[in-house]
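The same subunit A turns up in both complexes below, where it pairs with subunit B and then with subunit C.
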Partner chain A sequence: MSVEYLTQFSTNCIEVMNKMTGLSCEWQEVVPCLPAITEGMTVVSLLGLTGSTRGRVVMEMDIRVARELAEMMNGESLKEMDPMIFYSLTELSNIFSGKAITQLNNRPERPGLRLTPPNVFVGEKIQIFAEKATLRTAQIRWNNSFLYIHLCIDERS
Partner chain B sequence: MKNYLESFTKATSNVLSQIGAEGKESGEYLIPEDIFCKHEVMVIIGLTQALRGSVVYSMSPRTAINIASTMMGGMTIAELDEMARSAICEFANMSAGVCLTTFQDLEVDITPPTMVIGEKMALMLGLYDVFITHITTPWGEIELRLGIEQ
Partner chain C sequence: MNVRTEPYRILVVDDSPFIHKAVQKALVPEGYEICGTGRNGKEAIAAYGDLQPDLLIMDITMPVMDGITAARKITTEFPEAVIMLLSAMGDLEIRDQALESGVKSFATKPFTNQELVIEVQKLLRPIS
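After this line comes the complex of A and B, so read on.
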């Protein structure tokens, strides 16, 4: 089931990024690792999932990619650590996750998923700990840049 | 929204007293001046249904280790290992769970806790107003941030 969920989140992320920035991206599932970026300044957008499946969706990238995406979304150059970078990523993660959740909720099994608003973390040497969760990771790649989408499903749900 | 944060703070103090520690609430519910965090350990719990948002418990590694140690019956913990992280997540889960029981007319669901540890951390809780308060414990301060979609 978590493969289908990861596919839904990844394909929607690509679609939304294409509409918002014009980028053509590809995705592939990679060895699960959270966080995947362990050096430098990392930007993480975290959304919680409740309903029949509980867990979290984590979008992760380094600060260079975050700035690049935000500049493309806004059509202007932004300073390093400009709050607009984080507002943009909040919006991006909210849109693609909301879209994915709607599509999953429209399936015959009706999982009744609900999403929390995104929380954006920025920092160095970030570690993320999710207890008793199954992790799957997708890498979204375009040109020489990439970001990761991690899906952590609570094993008790 | 301050009253919700007050409920979360009281519930956290209750859980602290249940594990045998005293938590002194600051009683101040302020809008944070910036997005930067002074603590390195954060546990985030999402809220859905009648309240949509997040509550974040943040503390120093030393405070986290001491809370985990107390929860595990005084066991010596040298570092924030997997067991200690699990204990701190459980502490936050209990605090949020106790708080939800006080919302009699509101149906609110919480997500499982997620711990984020890092250096030079900044945190943005969605695109809405955030309030912040503190609880002083014998081992240091616990900071509570609440962001709820209005």
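After this line comes the complex of A and C, so read on.
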């Protein structure tokens, strides 16, 4: 899988977060830790990739970061486990993934990628990927906070 | 000349309640009324018939029925319908499909309040 895909999703995530929250973020590719099992209370937003290439896009962060981001997106404080936290983050993942897919689809090769609507999961010890998953992971950082974007492409597609 | 004094009524259909709230925050202070919300294309069709809004703002990627399919059905039954698709997806193929479905406008997410107001004002004349 091309690193270009990960770059496209990560740079769009940074641009969208900047527009929606004013945050200035940086990203870097990191080595995925497999099997991917979350520690502590974690928020995971999962979108399916369909079309010529099949796979998954996963955004992962801890609950403190989730609340911090959602409060910035809404411009107001939110209670712990307020449903708007999760609505906000699924929309964030939907927007940056949609923008990334749009840019990939407008390239000359026209891969015809599509996204499924996002689903959000909240809990502890969520297993996101199995031991043999093929994925690339980006860490998005700002101040003392970070989130992860995982891209998993079905190599048979 | 007839001068409109009633607020324009806008139906918002998006699977994300975050977008319902964001659109409301942007448009209500400008004098628009959000007359209803829905979370998929089927709900858009039902609500459009019931509410007859001045403008339908609708997402594309939604569960149950996508926004382009819903727009096609609504414009077939209500050719005068004013529909704005508001989506993170905006590649050439999707834009072509959107225009063929009869929508009047295509805007992309994310949006600032001001950007959304400008897009809406292109479709609905300001209230005097």
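Miscellaneous remarks
The definition used in the following text is that the second predicted complex is superposed on the first by the 147 of 157 C-alpha atoms of A that agree within 3 Å, B and C clash if a C-alpha of one lies under 4 Å from a C-alpha of the other, contacts with A are read in each partner's own complex, and residues count from 1 in each chain.
Assume a residue touches a chain if its C-beta (ideal position, glycine included) is under 8 Å from a C-beta of that chain, and two chains touch if they have at least 3 such contacts.
The structure displayed is predicted, hence computed values, not measured ones.
When the two structures are aligned on the shared chain, A:87 is found in touch with subunit B and with subunit C.
Shared-chain residue A:105: touches subunit C; no touch with subunit B. Shared-chain residue A:74: touches subunit C; no touch with subunit B. When both complexes are overlaid on chain A, the residue A:97 reaches subunit C alone and has no touch with subunit B. By the document's definition of touching, of the two partners only subunit B reaches A:48; subunit C does not. In the superposition on chain A, contact of A:123 is made with subunit B only, not with subunit C. By the document's definition of touching, of the two partners only subunit B reaches A:131; subunit C does not.
In the superposed model, A:64 makes contact with neither subunit B nor subunit C. When the two structures are aligned on the shared chain, A:154 is found in touch with subunit B, with no touch to subunit C. With both complexes placed on chain A, subunit A has more residues touched by B than by the other of subunit B and subunit C. Touched by subunit B in one complex and by subunit C in the other are residues 83, 87, 90-91, 114-117 of subunit A.
Those residues of subunit C that touch subunit A in the complex are listed here as 15-19, 21, 61-63, 87-94, 108-110, 112.
Taken together, the subunit A residues at the contact with subunit C in this complex read 16, 19-20, 73-74, 83-84, 87-88, 90-91, 94-99, 101-102, 105-106, 110, 112, 114-117. Subunit B makes touch with subunit A in their complex at residues 35, 42, 44-49, 52-54, 56, 82, 85-86, 89, 109-128, 147, 149. Partner subunit B is touched in their complex by these residues of subunit A: 41-42, 44, 46-50, 54-56, 81, 83, 86-87, 90-91, 114-133, 152, 154.
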